[in-house]
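Shared between the two complexes below is chain A, which pairs with chain B and chain C, respectively.
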Partner chain A sequence: MRRALLYALLAMAAATFIYPFLWMAATTFKPATEVGTLSLIPDHPTFENYRVMWSRARVGRALLNSLLVATVNTTAVLVFGSITAYALARLSFPGRGLLLGASLAALLVPGQLTLIPTYALMVQLGWVDTYAALIVPYLFNVTGILILRQFFLQVPRSLIDAARLDGMGELRIIFTVFWPLAGPPLAMVGLFVFMGSWNEVLWPLLVIREEGLMTLPQLLTVFRMGGAAGPGGLAVQLAAAMVLVVPVVVAYLFLQRWFIESMTGTGLKG
Partner chain B sequence: MATVSFEGVRKDFGPTTVVHDFDLQVADGELVVLVGGSGSGKSTTLRMLAGLEDVSAGVVRIGGRDVTALPPRDRDVAMVFQDYALYPHLTARDNIALGLRLRKIPPAEIDRRVGWAADVLGLGALMDRKPKQLSGGQRQRVAMGRAMVREPAVFLFDEPLSNLDAQLRGQMRGEIARLQRRLGTTTLYVTHDQVEAMTLADRLVILDGGRVQQIGAPLQVYQRPANRFVAGFIGTPPMNFIEGALGPIAAGVGAWGIRPEDVTLVAAGTPDAVTAEVALVELLGAQAHLHLDAGQHRLIVVVPGGAAPGKGAVVHLHLDPARVHRFDAAGNAVPRAD
Partner chain C sequence: MRAEARSGLLLAGPYAAFLLVFNVYTMLFAVALVFMDWDLVTPPRFAGVENVRLLAVDDRFWRAIGNTLFFLAMHLPVQIVVALALALALDRPLALRSFWRAAFFLPVVISGAVVTILWGAVYATDVGLLNTMLHRVGIAPVPWLTHPDVALPALAAMFTWRNVGFYVVIYLAGLQYVPRSCYEAISLEGATPWQRFRYVTLPSLKPQTILVVTLSTINAFQIFIEPYVMTGGGPLRRTLTVVLYMYRQAFSYQKMGYAATIGLALAVIIFIVLAVQRRLIGKAEES
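Moving on, here comes the complex of A and B:
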């Protein structure tokens, strides 16, 4: 009985999270006359909202831009972050403590504070309205480095010693010994970075003006603000939001096993 | 096959010197055990030979070649670690073969060597398992296989048996000894366990505080300890140290010592017998360790298990003057006449 009550409570809590999402998904398939209702099943399902969105904004191009930027950023953060984290965790060199301290200090600086200087730099470099402006400032991620460093510290020293005696160099140790062990933290950092990059609006709004280079959230913001969705455009706006959110949900579904494992904390077994 | 030599090797960690002026010549095919307590510098010395720690001063040679500045992979040594250090995501077979693949050995030769190691170590059915599916003893065998197939000039063992239970430790000790004799590979073995050291070694190097205390064959070290530290460290139960006179033994400049087996129980009234009271009896089965109070002196004596007197009993001891080890005020052994 108590168990049933618990499950009922949990189900209600889950419903409060899932209902708005399902409603949004359902509404994108509703004609304009049905948009105001709370029903989850359209009476007259239609793809009209998607067609309108597609015809009024270059969504396909923006989707590709977003995928490109998010993928390159995520890969770079994982590769460079692993190398940096390994050095900070496992190599001794002069200034290591200072570098680590500087990395931690960088976490304390709010992103908004560096926005203008970074923008000025982009202007100086002539990178405004190029992919470089979207990608280069995000090749490193301090949070990612610190998460990976924390994991790398747990790998027994003897494993690195054994790999060195087996004839591996440091890069090979990182990518063939540490990476297979680091699935959970890599998935977690990868997902955070991918989602961060995917959802970023402010920075693209600053550095990209040309529509062909816009990322999806930027395009949709411009689309909504500019009123291009047209009158009664709520369903069209929601359709655009669906296009934005689906890739992240899919990525999460693929990675959730590792993600949860990593959130609950894991050590090395065996 | 190779000789190993350390010439005036020193290791500093910051301002602390953990290994002082270490000199050692290891002959081709010899098994040398470095033994000492924690912080004695034994593992650091081994890691300097492997190239896993920089050498602060001095020269390390393998097969006459100066390897002091070479990275681990160019030194032709293989090492077995206390925690096995197997790659968790690879099978036993891949763990053993990886070092060979990285050295670009032809696949047929890799298969031959891996098969040979599996046979010698009895790993046949376990080769496709991952480390977490293996027991501690099996993991350590895989780790030994990984070292063997490399056919290195020198084997290094860093406390390889410390994570195993007592029974398995005894068994693996025998296997390592047999394997080393069979392969004839020069071996340096680090342990804190003096039983392991005594039973395995051709020669022992006893270390304390980063300094060599004595180098010699196990029996020689046991019978002629160079100083009080070695006398107390090697031997179970440890040597009895006494300051002042006791029975027929006169007081000396420093302490003197006598091994538990060199003290015998005798009948009351025997000339020069020392009277003592049993404070504690440790029954081990075949033998018993008696902890005795003889006036202000304390002694441990080994007696046959069946004949052990009870706690509180009064016993009479014969101390053999010929078996006494004398030490000077600094703790160094005073040479005996015999």
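Moving on, here comes the complex of A and C:
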């Protein structure tokens, strides 16, 4: 009896989190007359909302922009982050302690403090309305570097010595000795950087004005604010949101354990 | 050894340069901007402490701070109670355990841009999900986002929905480390389940609670997209947040100096609020 009650409560809680997404998906296939209904199966299914969304906003282009920016940022963070983390973990050089201290300090600074000056910097560099503004400020990720460094510290010294004896340079050691061992931390860092980039709205809103360069979350926001979905455009807005959300949900279905570990393990959220 | 130092400098150099530009320079720039008047077009003009003086008496800024504190007063207790309850429910042998956890966590992985559109649809007055449900049971539609007394609590509820799964996972991880022997000891003394929770579980989860309070507070002070899209900071500025106000000063009025002043003040206020919370949690421990 108590177990049944527990499962009923869990099911209700789960429905609270899942039902809105199902309702959203269903609504995008409903004609205008059915939008205000709760049913999850449209009586007269239609693709009209998607057609209107596609014709009014450059969703395809924004999707490509988002993919490009997220992929470049993730690759950069993993490659440059590994190189940096290796130096911080395994090489002694002057200023290493200072650099570590500065990294920890950088984590304490709220992003809003540097938001305006970073934007001003983009203006001075002439990077507003360029991909550079979406990419360069994200080339390194402090959290990612600290996580990778922590892992690199555990790699046995003998492995590095053996690689050196084989005449390997530092870069080859990083990518042929460390990387094959570092699957989990690399995946963890990569996933949270990708998700952070994929979901980010505020920064693109600041530095991108031209529609052809907008990322998908930004386009969604602009689309919704500008009323471009038209009157009674709720279903059209939701259709646009589906384009952003479906790839994430599909990936999440298969990799949920990774998502949860990556996002809670870094203590940061998208 | 010399070679090692050289390659170390070479490999870590780009990162050092990055930190120098995007952290050190921007931070110094932020402080300098506090004393400047700048519209990004004409050269910056020295303004002395004018920005600080303005901020001290700026009703809208303090309204935004007040809104955030009120938001936290509603959001924090609810979030902690719901996250704890769900974590405790999951912390036992259950069928579909990872399914439940994944379901609670689902909103966490979704972009704020989507959440605002989805919840715009949930809260819509005429065809919204919530009002349609209320209509079914004979309750008149509620103007969720357009009534001055309802809008901020509505945003707080949405925020709890969006983030609670994250904290369920945090609490679940914490529950693994509650020593079983403590449960056994207190059960032997005839403690009720509530006493067991109050004197063993809750104190053991203190580090997780501090994390929940800290992260939620930082997040709350950085709220932007939700009021920007859903309410525009209204009605009657009841949902105006600090970052939204900063954004407007910078991009609607081109007041970079004033916007940077808001950013700096925000950082200081976050630190003060976090320090006060730590004190309060410490005090709660003693009593």
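By our rule, the second predicted complex is superposed on the first by the 233 of 270 C-alpha atoms of A that agree within 3 Å, B and C clash if a C-alpha of one lies under 4 Å from a C-alpha of the other, contacts with A are read in each partner's own complex, and residues count from 1 in each chain.
What we mean here is this: contacts are C-beta pairs under 8 Å (C-beta built on N, C-alpha and C of every residue); 3 or more make two chains touch, one makes a residue touch a chain.
All values reported here derive from a predicted model rather than from experimental measurement.
Novice: Put chain B and chain C onto chain A via the superposition and say whether they clash or fit.
Specialist: Chain B and chain C fit side by side in the superposed model.
Novice: With both structures superposed, pick whichever of chain B and chain C touches the larger number of chain A residues.
Specialist: Higher number of touched chain A residues: C.
Novice: A:Asp166 in the overlay: touching chain B, chain C, both, or neither? Say first, second, both or neither.
Specialist: Once the two structures are laid over each other on A, A:Asp166 reaches chain B alone.
Novice: Tell me the contact category for A:Ile135 with respect to chain B and chain C: first, second, both or neither.
Specialist: Neither partner.
Novice: I'd like to know which partner A:Ala25 touches here: chain B for first, chain C for second, both or neither.
Specialist: neither
Novice: Applying the touch criterion given at the start, work out whether A:Val79 contacts chain B, chain C, both or neither, answering first, second, both or neither.
Specialist: In the superposition, A:Val79 touches no partner, neither chain B nor chain C.
Novice: What is the contact status of A:Leu181 with respect to chain B (first) and chain C (second): first, second, both, or neither?
Specialist: So A:Leu181 only meets chain B here.
Novice: Regarding the shared-chain residue A:Thr16, is it in contact with chain B (first), chain C (second), both, or neither?
Specialist: In the superposition, A:Thr16 touches chain C alone.
Novice: Is A:Leu67 in contact with chain B, with chain C, with both, or with neither (first, second, both, neither)?
Specialist: neither
Novice: Quick check on the superposed model: minimum Cα to Cα separation from chain B to chain C, whole Å please.
Specialist: 5
Novice: Across the two complexes, what residues of chain A are contacted by chain B and by chain C?
Specialist: Touching chain B and chain C on chain A: residues 269-270.
Novice: Could you pull out which chain C residues touch chain A in their complex?
Specialist: Residue positions touching the partner: 4-9, 11-12, 14-16, 18-19, 21-27, 29-30, 33, 38, 40, 86, 89-90, 94-95, 98-114, 116-122, 124, 126-129, 132-133, 136, 161, 163, 165-166, 169-170, 173, 211, 215, 218-219, 221-222, 224-225, 228-229, 242-243, 246-247, 250-251, 256, 259-260, 263-264, 266-267, 270.
Novice: Can you check the complex and tell me which residues of chain A touch chain B?
Specialist: Where chain A meets chain B, its residues are 156, 158-159, 161-168, 177, 180-181, 268-270.
Novice: Give every residue of chain B touching chain A within the complex, in rising order.
Specialist: Going through chain B, the ones touching chain A are 47, 50-52, 71-73, 77-79, 81-89, 98-99, 102-103, 130-133, 146.
Novice: In the complex of these two chains, what residues of chain A are touching chain C?
Specialist: For chain A paired with chain C, touching residues are 6-7, 9-10, 13-14, 16-18, 20-21, 23-24, 27, 35-38, 80, 83-84, 86-88, 91-96, 99, 102-103, 106, 109-121, 123, 137, 139-140, 142, 145, 170, 195, 198-202, 206, 216-218, 220-221, 224-225, 234, 237-238, 240-241, 244-245, 248-249, 252, 256-257, 259-260, 263-264, 267, 269-270.
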